[in-house]
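Listed next: structures, encoded as structure tokens.
Each of the next two complexes has chain A plus one other chain: chain B in the first, chain C in the second.
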Partner chain A sequence: MKTEIKKQFRWGLLFFLTPVLLWLILLIVLPQIDLFVMSFRSENDAGEMVWSITNYLNFFHEPIYWLTFVRTATYSILVAFFTFVIALPVAFYITKVVKPRFQGSLTLLLLLPFWVSEMVRVYGWMILLRESGVINHFLLKLGLMTEPIEMLYRDSTMILGLVYTSMLFMVVPLISVLDSLDDSLIEAAYDLGANMWSILFKIIIPHATPGIVSGSIVVFMLTLGNYLTPNLMGGKNSLWFTEQIYNQFIASFNWNQGSAFGFLLLFLSSLVIWIGLKLSRQTLSKVVQ
Partner chain B sequence: MDIDLSAQNVTKVFEEFTAVDNVSFEVENGRFFSILGPSGCGKTTLLRMIAGLTEPTKGRIEIRGENMIGISPNKRPVNLIFQHLALFPMMDVGENIAFGLQRRGEGRETIKRKVSAILDSVDLSGFDKKKIEQLSGGQQQRVAIARCLVLEPTVLLLDEPLGALDLKLREQMKVELKKLQAKIGTTFVYITHDQSEAMVMSDYVAVMHNGKFEQIDTPQNLYNKPQTPFVAQFVGDNNIWSGKIRKAEGLSAEIETDDGSVFKTKVDKALKPGLEVNLFLRPEAMVIEPDKCIEDLNRFEVIVKSILFDGANSRLLANPVNANTEILIALPQNRQYDYIQINDKIEIGWNKKSGICFKKNED
Partner chain C sequence: MKKLLFVLFLLSAFLAINVSIAAADTLALLTWKGYAPKTLVDKFQKETGIEVKVTYTNNEEMIAKLRATRGGGFDLAQPSQDRISSVQEKYEIYQPIDLSRIKTDQIIPSMLEAVKKNTMVNGKPHAVPFCWGTSGLVVNKKFASDAKDYSDLLNPKFKGRVSYRLKRPTLIALAFSIGDDPFAMYNAENAYEALMNKVGQAMIDGKDIVKNYWTNGDALLQSMRSGEVYLAMAWDGGGWKLNAENPDIDFLAPKSGALGWIDTFALPAKSENVDAAYKWINFMLRPENAAIFTNAEKYGTASDGAVKLLDADVKANFERSFPQKDIDNIKWYPPVPAKLEAIEGKILDKVKAAK
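Moving on to the complex of A and B:
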């Protein structure tokens, strides 16, 4: 009797799981394997496809490629850092300063921009920042400038856009980690003679480290893999690594090279995160909690 | 003696609610001063105002004669031990204790020396590398105390620090705290809702009720000469009869209780006949089966309802004959009263000097 129910249950589970498994295998695992295989094949001098690691070596031999990656990674780290610097006071304000009954609505307010697509948000920024945009218009009207300036297509603007896009992914883990910080710890530190900065660096940040690290990982990964914002807001002569991959696939039609870049991006970004975890003395399991 | 801490007309209003209502007191140097009151009466709020974590709505707080209003907590020469200790879990014991010293910018060597000296004096030598969560409740307690004492505050504020401990440990820590305070001589302001803690440890106790101080006195006086009905009821156990004054003559009066007994008692001030009063009587003020020849005793008969054995603190729970009021009577454990059984009728006597009489409140 019991085993029958169990059997039924197992069949039921399988029934519901099948579409999910199929979806995972057909749409994610198989293409990945295919891409992985592809990345190790390239044309030899005779023009025939052979196994080789040329695609990977290209990355290291051509400075344009690895420099793009270094640039992308550096900017992504910067974006994660700026996002953290802005998100910490926001999260602190929401969890510790505001009356509890307003906390929910304030968090919702933070979520609001994410109800529109990234594309729309980026265009919003462009309307604000471009040469004939809203900000220039007002600055001119106020007589603060005589000539409009182009604020778009600079690295700083791109970082601004990326930070804006990433805010939520930093604020949410910070809110949850600061929520668990007992207010009396802050007060005890204050009572023992600490000023604002030592409370921040000795109490709040050490307590919030798991949240900071998990937020930073998410922001770093999302920024690294972002295509739209760097493409639309970034400078014309500086490439994001995803654009490099896109170029290989679409412009050069070199799928082998493109997939090698894709896996390099995966591997190198994991490496960066691993180093980050080691430096902050965190473990992945603690951070994902 | 020097006054370490003085509060004048301190008031704190949260929106509509007055948590601390016009409280004034002074604490002399080296005293163990307790504030005793039921939970929610405003003790923590008062302590936080002294520490500077909450600004008073009105009033003045002085430490060694210096006005503290507007001075932030990190600049005040007082330290607070929080109700739940608030030890820093991200630091070990040594770092916790060194925290305040580092903030003052003291040298590495000095800090090391002071930390190990203070750990010695709270019997935790060699614990400086331990994590907070590795310590027992009592040890955490002592770390919290050491963390404040190492800064040599003028006044140490303690917010129910023994509340989280189990009974046995609490009894032990009570004595230890008192000894520690006597040894180092720092002024302690200790708040608690546990009257035995306050009585055992303090030189002076203030009884707080609904944000007001009802009485500031020595533990002995609070117990023997309560000045308000609340103090009489809150400090130690008391039996209460409500009744009316039948006859009054200077500082003695005859009271007819609602359950029909007539008692003679002393009163603090002359009360008019006919006035509604409450009569308070300690369980130990009652003598079981008093000698027939002792005069001047109020005598009445009770029926024993149950025997509450609790070692030296044993009592009888009884009803006066023909009445439902419950009274507690101390039952000395000298084997003299072993014959008493449930439902026995026994005679009780008490001296009129033991009674405490207050006019009934309108509320």
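Moving on to the complex of A and C:
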């Protein structure tokens, strides 16, 4: 009797798992393996495909490739930092300052921009910032400027766009850690004569570290893997590492080099995160809770 | 019992998929923006009952998409004639085209011959022409009346008012403008690479001058309309479209020669609806339909009888921008040998990464 139930349970489980397993294996695991194998194949001088690690060596030999990666990684860290600086007051306001009954609607307001696709949001920014755009138009009308200026296609605009895109992913973990912070700690600190800055650095940030780290990881990874925003808002100076992968696949027809870049991106970004965890003395298991 | 149910479930799922594929008579078309106007798609459906599903793309993505599926997923593609033979030799993503199923008397004979010759692989042609046009300069004469050649794209006089694509045509155009002939070096890889490096360096030095690298034709037209860009390297059709709205803006055949391209019809290797594909080709090249396309998009047509049916202003465009000596000076793209794309790709990456 018991074995009968067990058998039925297995069939049922298999029945429900099949779509998921098919999805995972056919669409994610197999292509990844294919790409991994591909990244170790390259064309020799005679035009034949042979096993080699040339694709990986190319990354280190050609300054343009690794410089692009360094640039992408540096900017992603900067974006994660700016996002944190902006998101912390927002999260603090929602959890500690505002009346509890408004908390839900404020969080909803944060979510609202994410109901439209990233593409639409980026085009929205482009309409605002371009030379013949809305902001320039108003500044000119108000007489604050005599000539319109091009605000798009700069590194700073690109960072603005990326920070905007990743705000939510920093605010949500911060809200959840700040929720667990006991208000009486802050009150006690004030009673004992602490000022705002020492409360921020001695109570709030240490308490919020797991949230900060997990938010930063998400923002860092999302920014590093972003293609659309750097490409559209950054314009002519914005070679992003993802675009380099795209170029290898599409423009140069070199899928082998492209997949090697893909795995290097995966490996190097994991390395950056590992270093970040070590520096902040956090462990991944604690951070992802 | 459960086992039986499960098998039944799987079976019905597969059947459902198969039925949905077989039931609808559709043509999956992989093409460029504007190449399948809605009026013609509707007319085709009324005439034949076949529904056309259009996917817009460009040459590079077209090749990548078909390569990924080994020539499947689409029933008909429209690559440029110079990007077919070497790609076909390497990846075999197309199938030979059967000229007996195409009403060849609808096509301008010289163009048909040229495309046949350039897409010949293993002794079989792989494409027929659909339309043609050139890349050259689109100029706003109010601000940049003295722009005459591609070299003006790097002219400090137009700082911040220039736009071009970061793609191979730009490299080739700039190479022509410094007096070299990149097409003649197509088979001399090293010389070609040296020339392209020189052009790439010039583009890096001129990076202050360009406003942005355009990727989307509509977005470029928008920046020219608003006066943000005075001078761009672009397709003739776009320039003529703008000319109809604002006479200051027009297409100009550059002094060192406009770059001539022919876009074609080619059958992907695993095309599932070859009959519909041939029907669409014959339909699109029928003079009255080809004329509808050219009148709307302004690109030249490969349809023989369509010229008589064109609007007066479309004819005027050609006569205004292309005096006889400029027509003779058009540089037609020869088939691109393999390996050049990798050279160009690297240089373009360098240009984009440079400060």
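Observations on the model:
One rule holds in what follows: the second predicted complex is superposed on the first by the 288 of 289 C-alpha atoms of A that agree within 3 Å, B and C clash if a C-alpha of one lies under 4 Å from a C-alpha of the other, contacts with A are read in each partner's own complex, and residues count from 1 in each chain.
Here, a residue touches a chain if its C-beta (ideal position, glycine included) is under 8 Å from a C-beta of that chain, and two chains touch if they have at least 3 such contacts.
It should be emphasised that the depicted structure is a prediction, and the values quoted were computed from it without experimental measurement.
The wider contact with chain A, measured as residues touched, comes from C rather than the other of chain B and chain C.
Contacts of A:H207 after superposition: chain B is touched, whereas chain C is not reached.
Contacts of A:S184 after superposition on the shared chain: chain B is touched, whereas chain C is not.
Once chain A of one complex is fitted onto chain A of the other, the partner contacts of A:N195 are limited to chain B, with no touch recorded for chain C. In the superposition on chain A, A:R10 contacts neither chain B nor chain C.
Once chain A of one complex is fitted onto chain A of the other, the partner contacts of A:K286 are absent, as it touches neither chain B nor chain C. On the chain A side of its complex with chain B, the touching residues are 182, 184-185, 187-195, 198, 202-203, 206-207. Within the complex formed with chain A, the chain B residues making contact are 51-53, 72-74, 79-80, 82-84, 86-91, 99-100, 103-104, 147-148, 151.
Here chain A touches chain C in the complex through residues 8, 11-12, 14-15, 64, 67-68, 130-132, 150, 152-153, 231, 235-239, 243-244, 247-254, going by the rule given at the top. Chain contact summary for the complex, chain C toward chain A: residues 2-3, 6, 9, 60-61, 63-64, 67, 160, 167, 207, 210-213, 215, 226-228, 341-342, 344-346, 348-350, 352-353, 355.
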